[in-house]
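Here subunit A shows up in two complexes: once beside subunit B, once beside subunit C.
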Partner chain A sequence: MTFFSRYAAVFFALVVLATFLPRFFWQAAEGQRNRLAIFYSSVSEGFLIHELDAYGQNFYRTEEGRELDQKDFVSLLPFRYARDLVRWGEMPETIQGVAVEPEKLPLSVQNVFFRPRSLDGPEIPLCFVMEAASGFVDLEMPGEVMRISGRQAEFIRTSDNRVLKEKSLLFTAAFERAGFHFPAQKAWARTSTRKPFDWGWFILDAEGSLFHLIQAKGQPQVRPVLKDFAPGIRYVQVEEHPGRHAYGLLVDWKGGVHRMNYPDYSLTPLPLKEFNPSEMRLTWRRDPLVHHYTVEGGDALSVTVTDHRDAVIREIRMDLPPLRSESARKAEAFFFPFRIMQGVPDSGYLTLRLSWNHDFLLARALGILAALGSFVLWRHWQGRSLKESPADWLVLGVCGFFGLFALLWAGHVPGQKPVERRAV
Partner chain B sequence: MIRAFIFKEWLKLRWAFLGLSLLGFSFLLFTGHGLYREFAAGPAVPIWQNLVERQVMFFSGLKYFGVLAGLVTALVQWLPDTPNRGLRLQLHLPFPQMQGVGILVLCGALTVIVVCGLMIAALLLITQYFFPWPVVRSVGLTVFPWMLAGLPVYAMAGAALLDISLLRRVIYGIIGWQMASLYLAGCGYAGFEGVLGLYGLMALLMLFAPFISAERFKRGTL
Partner chain C sequence: MLRALFYKEWIKLRWPIGILALLGLASLVQAGLGLRYLAAIRESTELWEGLILKQQMPYGGQLVFPAVCGLVLGVSQWFPETRQRSLRLLLHLPLSEKILIPVVVGTGLLFVCLLAGLHGLGLVFIYALRFPHEIVTGLVWAWLPHMLAGMTLYCGAAMVLMETAWWRRVMGACLVYGFFKMLTSGGQPAAYAQSLWMYGLVTLSLVIMLFLPVMRAKRGGDQ
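This part shows the complex of A and B:
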């Protein structure tokens, strides 16, 4: 039993060390870099770069490296800084032959942000189905929630936790008429009253088809949106924008990102190269002339600009200085042959995932040898036989310094006698 | 002999069991009453919206209850026997030593499990009165790992109290604290869904930790 007890203690020491030591190491060793943003100017037809350093100082320059002052920078981005330019009386009347009407800009300028963490996460599967055509300007949260269980959509009154049978039957029948297969796998919406109107819910049925549910004057409107979509639907980000250009973004299981166009739900694949939605962030900016797609992740920043027919106009990619230097990564490989992570970038769920370090094979091998050597010295110093607890060598060979620290802490099994030393 | 061991542990643990249960139930009574007042005072929609959309937890005060239960149980069970080495007497009885330690650990772990299990059951009972099944399920999946944190804390606190090396005691404490922090991680509902079995197994495995400390305690050597 003491044998099991010792290895249980070693195991938990390993879990704690492999979870927290690499985290602390990178907190100390990870560098900092200035924050960069790249914008496309339809005025100069070139890219502009905004850099913010650790002291809060702003630097503005063109893609060729010409320094700009803040006012020049703002003047070259009239759609982004429209209110400033209108205030200064410097808003151009036309840009590239297109008339600019500042009062209509809120309808044509849209910013959409996508983060990997949005893709998956724990949530309570209850839907607040708002009234989309109440006749009032402001939206209101409904007094009931919908759940889509095994064979039906059920409405539950929030005040007394009771099922509303009539409304449940009405909505269930609407789902069935639209060809919905119960139960729902996922449902996406933006449940907030701080939006200009309500586009309801996009719901993935049991067979992977996407449906759109809107409640208008108490009546359900369920429309089939996508059936037999081969890559499969991973995520829908709904965006209620007063311009009603698109329902939002759709991410498929092969990593493709699509714009879901209004009103026909057609999908336009975004022109993103090497975009991995599980690890990278995406910003989509729309203005009256172009779409900008900014992808950030993997020590690089890239921007693709298209016109409104989705033809690519310009692209730029900037490699950012790496946050983790090579020497720090070598030190990590030497000391930490693996790490245990509780979180993953593309999910809010917790896990306990072992991730082996695949960098610098030589550094890893040296780290394990150093751990083995240190253990031999320690055993010798303690007057212990090298044959004692042979499984220790396996722990050291696999876990390197984590194993060394865990074994030093756990000590030897009580009752085993030290080797008798010969008198010199 | 086994019954005698269990009775001896019960004599030590009963007040801890009662105190922890009273504390937990008082908190749940306070929580339930707070919810009732909120529902009675105004529209229910904001309460539901906070719960479903903003993931506000009306039971967040229970987060450290498992840790408290583990710590109190370990202190009440091991502390009376360790300063004057009273436990050595039991370890030298004509009874298999590890079986005896196993009974002690089992009694302590069961105290933690029963107290925490009662709290979970009472919380789910309150939740199902106000909310439907999806909320009850999410609340259960959220609170379960918090309560599981009690087992590593109990095991590591027990091992730390039994061990005779000061350095090793400190490290047992650090490991227990960090293991508990793994169970208390996450800020939303049901973050551990899908890995609860793995975390539960780890918590049970940790109960082996006090055995080696008990052996060292008996021998009085490192």
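This part shows the complex of A and C:
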């Protein structure tokens, strides 16, 4: 029993130490770097770079390194800073032969932000299905929520927590007519009244097919969108934009990101190289001439520019100064052969995910040797035999300094007597 | 003998249990009145929107109760046992420590689970009167890690009081506090839903490790 109890103590200490020590280490050792943003100018047909340093100072330059002042920078990005240019009376009438109508820009300029954290997270599986054709300008939150479980869609009135039977039957029948298989696996929407109109819900059924639900004048409209989509659907980001260019983004289980086009739901794979949706952030900017896709992840920033037929025009990749210096990473490998992460980039859940350190084999090996050496010294100082609790060496060999601290805290097996030292 | 041991623990814990039961009842009354007030001043849609979309937890304040139970019962049960090395007296009872310690620890944990469990059931009942099971399930997911946090604090209090070396007490308290923070840092009801069993396993390891300081006190261990 004492044996199990001692290793239970070691396990407990290992979990807590491996969660907090690397976190504290990087809070102390992680560096800072300037914020960088890259834009494509359709005026100069080149990339422009905006850099913000730690003191709040802005720097503007071209991709060739020519310094710009703020006004020149703004003038080269007329779609991004249209309101400023209109106020100054400097908005160009045409760009690349295309007439620019400032009043219509809100319909053709769109910014979509994708973050890995959106992919997964705790949620309450109840859907506010808004009225998409109320006839009023403003959207309103409905007085009922929908659940799709078992073999039906059920509406529950929020005022008294009662199921609305007629409405539930109406929507269930609409789902069945569309070929929906109950229950739903996932449902995605942008549930907010702060949007120009409502595109309802995209719902993944039990067989992995995607359906689109809109409520118009109290009636359900359920359309099958995707069936037999081989990579599988991981996430749909719905984007209601007054220009109605696309329903949003679709992320598949193989890491591909697609634009779901309006109105036919066709998918256009985004031209992103080495994009990992579980770790990287994506910004899609659309303007009257081009699409910009900006990918931020790791220590690099890359931008791909395509025309509206999705042909790549330009690409740029910029390596950023690493936030974690090599010496700090070596120190991490020396002290922490692994870490336990509670928060992970692609999920809102609090997990306990073990992540092994694969960097700097030599530093890791030295760290484990140092931990073993410290333990030998400690046992010697305590007058303990090296043969006592042989499993301790395994703990040290796998866990390094975490194991050392855990074993020091757990102590020796109670009752075992120290080795008698010879009198000198 | 076991009945006598259980009775001895009950004698130690009855006042703290009584006070905690009253505190729990007051907390439930406050939860019920708070929810009623919230429903009165906010439109039902707004209230549901907060719970479903923003994942607000109006019951967040009540989730502290299991931790309070764990800490109070841990201290109440183990402080008298560990003053002036009286833990050794406990170990001189005519019962193997392999039965004695699990019974004593189990009694404490049983009361923690009972008090916090009844409080949790009360909360579930209050919310089930107004909300569908999806929202109530969210409450249960939010409550479970706090229940583990209560057990953690109980074991932490017992371990800190039983330890024989000061440095080991301080390090143990830091580790227990760290794990307590890990269990209570979720900002969304079902934040722990995917890995609650792992947190449960770590809590179980803390329960099992309580045997170690007891044996250190009995047989004498390294400082």
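Convention: the second predicted complex is superposed on the first by the 424 of 424 C-alpha atoms of A that agree within 3 Å, B and C clash if a C-alpha of one lies under 4 Å from a C-alpha of the other, contacts with A are read in each partner's own complex, and residues count from 1 in each chain.
Keep in mind that, in the parts below, a contact is a pair of C-beta atoms (placed from the backbone, for glycine too) under 8 Å apart; a residue touches a chain by one contact, two chains touch by 3 or more.
Please read all numbers here as calculations on a predicted model, not as lab measurements.
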Subunit B and subunit C placed together on subunit A: clash or fit? clash
For A:T158, is the partner it touches subunit B (first), subunit C (second), both, or none of the two (neither)? both
For A:P231, using the defined touch cut-off, is the partner it touches subunit B, subunit C, both, or neither? Pick first, second, both or neither. neither
A:P122 contacts which: subunit B (first), subunit C (second), both, neither? both
Touching partner for A:P242 - first (subunit B), second (subunit C), both, neither
neither
*asked:* Going by the contact rule set out at the top, does A:F11 touch subunit B (first), subunit C (second), both, or neither?
replied: both
Intersected contact list for subunit A, partners subunit B and subunit C 1-2, 4-6, 8-9, 11-13, 15-16, 19-20, 121-126, 128, 141-143, 145, 147, 156, 158-159, 161, 191, 342, 348-352, 409-411, 414-415
The subunit A residues in contact with subunit B across the complex are 1-2, 4-6, 8-9, 11-13, 15-16, 19-20, 121-126, 128, 141-143, 145, 147, 156, 158-159, 161, 191, 342-343, 348-352, 409-411, 413-415
Subunit B residues touching subunit A in their complex are 39, 43-49, 51-53, 55, 98, 101-102, 129-132, 134-135, 138, 141, 152, 156, 159, 165, 168, 171, 174-175, 178-179, 182, 185-186, 188-195, 198-199, 202, 205-206, 208-213, 215-216, 219, 221-222
Seen from subunit A, its contact residues with subunit C in the complex are 1-2, 4-6, 8-9, 11-13, 15-17, 19-20, 121-126, 128, 141-143, 145, 147, 156, 158-159, 161, 191, 342, 347-352, 382, 409-412, 414-415
Interface with subunit A, subunit C side, in the complex: residues 44-49, 51-53, 55, 98, 130-132, 134-135, 138, 141, 168, 171-172, 175, 178-179, 182, 185-186, 188-195, 198-199, 202, 204-206, 208-212, 215-216, 218-222
